[in-house]
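Below is a structure I'd like to ask you about.
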């Protein structure tokens, strides 16, 4: 492993986070949510650093050596490896929510299709589903869970600004879609991030089914 | 295991039921019918007690320690663990049908979508499917199998009353859906409950397919 | 095993056929084509006997002991076990085609839905699919492969007569559907029967997809 | 193994390619993309030879012995085994692109249905999907990725000529569909060919979903 760690990052902590990311990635790949080396995953190390998947690796075969260190501006730290272009979207989450410990970005067929279908509306409204309660902070299926859909802007600072604008408007944000692309969600630990991802995949799939059936 | 058993409950019996529940839960989780820690499962212990899954656990990793004892009013017995809010729906089944030994509540995409689609009608009519015969007491595909859809009422006594009203009207009941939520079914042993659940998932999926294709 | 074999049936032969049936059944159950103990499978033993699955067993857990001997009228031989009600449909195949060695009846969602959708027409026409060539005797995708759909008649002699009528009309028959139920197909060995079943499941699924998409 | 190798082909090289093909075939069969012994796979050996799957074998159980040597006109070399009728489509790729090392032809339900649906148009246009970038040479989701659909001509030289005509028109070609049949794609190594195949299956599936939902 060519990853050099700064003195402030305990090797055991980095290794534990890297293993947790690799393990989650392998399970999500098995579910078919990371086609063709897409998707990326990260965990917070401390206030200044995160561990994140190196760009372009097969997510079904990920090991500790496929994870690298970045700072909170998304720059590589102590390695020549190239972080994913979308690293800035991960570090934005860690900067905005001090309690966020894990960020997952996947790319299932349901997520991709939903993102295209709701791109013009700019948002998916989820309401009336018991499983909305799986999203932390949502205690009733009667409330509306809003998942914004942002355009697939290739210039990351502009996409980061779109997410910031949503937050500045004071709207709650548990996850977002990118048009033609996939989903971002996060949690206070890997288990919560996984539960959010699993619930959102399920809810988006239900919405698409209902739309097909009510047509 | 912090579960204390009353003298009337043999530890071997409780352990056997807990293992059977955990094993069924892991298999149903693998099928994708328990997304994001949803769903709950129980078995009768005796006329006064049932074993049931503790709330909020990952159903794919369930062990004997994730099962607790409740009385037939759904109150925890000999443990500080919190039973699922929906425990009252399980104990209602055991009170009404002395021969019922296992109750399964799952939450597949098909079950959730069907519950929304038929919520206004309040019932799904199944007719003409050979697999209706897999439901005990249904000997011909020519009869109509009615699966009621109840609203997703959060106040359990009210939901229990809705189920009672259906039964008081003298209608047969092998299973019911809750709107936006999932299915409840049961059996004279775990194998029968599993067969009912598998048949109902299949039949609801067929109905949705037919509806899509006849559109 | 309570199965007594007549002198004319070598125990090794029966055991080999029983194992082959149980193995195929487990694999087809894993694919989800035998929900809730449905489906049945057989192999020819000799001109007078066939080995067939005992009624009501879980096809995912089948062993040699779940297979029984029947004569070519579908009556149990040397056992008290109850053959499936549909045994007569298996023995009809063995009587009509001396080269048939294996008969498979499954019950996938695609098969059940297709049978309902084409019940009024009484037949599914397959044309233009390369995979039609997987059916022995079909050498081009340009020909039409006809799969009749018979009503789900519970009185077996009447259903047998329907199949006979199709054959008497001189039409080729590689498989048939029963309305609301499932498919029957066969082959000169288990591998060919499996290939036919796999190809037909695929082709019916493609037809349903095309119908949905052209709607 | 009855395969005799010419002096110019190192046995180790042939064995390594045969193993790589068999391994890929087993994984693609597991995904359900090679129903009923369909599909074929090859790798380049040198400028004059390729290793390719022998016709009619079950792709889920493929071993090194199911792979044969052909020359770049698609004729068997050093073996009596029969190459697939479609071998000419593989060798055409190796002749046209000197850097191509692996060719994959599969037959998923999505591929078959898409080929029928777009047969009249003669082409599938993919645009706006992030995963288009998984196809080498495609650096933005904003460009259009064209996948031609050729008729299912049984006379191979005519089909080869159709592909040549597309190339002669100067259009880029990363993959093509054959009507009612399946897909062909390739890569500079097996990993790239697999990534292309996985991305195209995903993208075709998304297109079909969108079409269903926008109907």
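By letter and in written order, the chains are A, B, C and D; residue numbering begins at 1 in each of them.
Going forward, a contact is a pair of C-beta atoms (placed from the backbone, for glycine too) under 8 Å apart; a residue touches a chain by one contact, two chains touch by 3 or more.
For each chain, UniProt lists the protein as follows: A, B, C, D = Methylthioribulose-1-phosphate dehydratase.
These numbers come from a predicted model, not from an experiment.
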Notebook entry, point to check: Hey, what chains does chain A share as contacts with chain D?
Noted result: none
Margin query: Can you check whether chain B and chain C touch via the same residue numbers (shared by over half) or via different ones?
Written below: different
Item checked: Distance between chain centroids, defined by C-alpha means - chain B, chain D (Å) -> 47
Note to self: Report the inter-centroid distance (CA atoms only) between chain A and chain B in whole Å.
What the structure shows: 33
Notebook entry, point to check: Which residues of chain A are in contact with two or more other chains?
Noted result: 212, 215
Check: Quick one: do these chains touch in a line, a ring, a star, all-to-all (complete), or other?
Finding: ring
Notebook entry, point to check: For chain A, which residues count as touching chain D in their complex?
Noted result: 35-38, 58, 107, 109, 112-113, 116-117, 152, 154, 178-182, 208, 211-212, 215
Check: Which residues of chain D touch chain A in the complex?
Finding: 128-131, 134, 140-141, 191, 195-196, 198-199, 201-202, 205-206, 209-210, 212-215
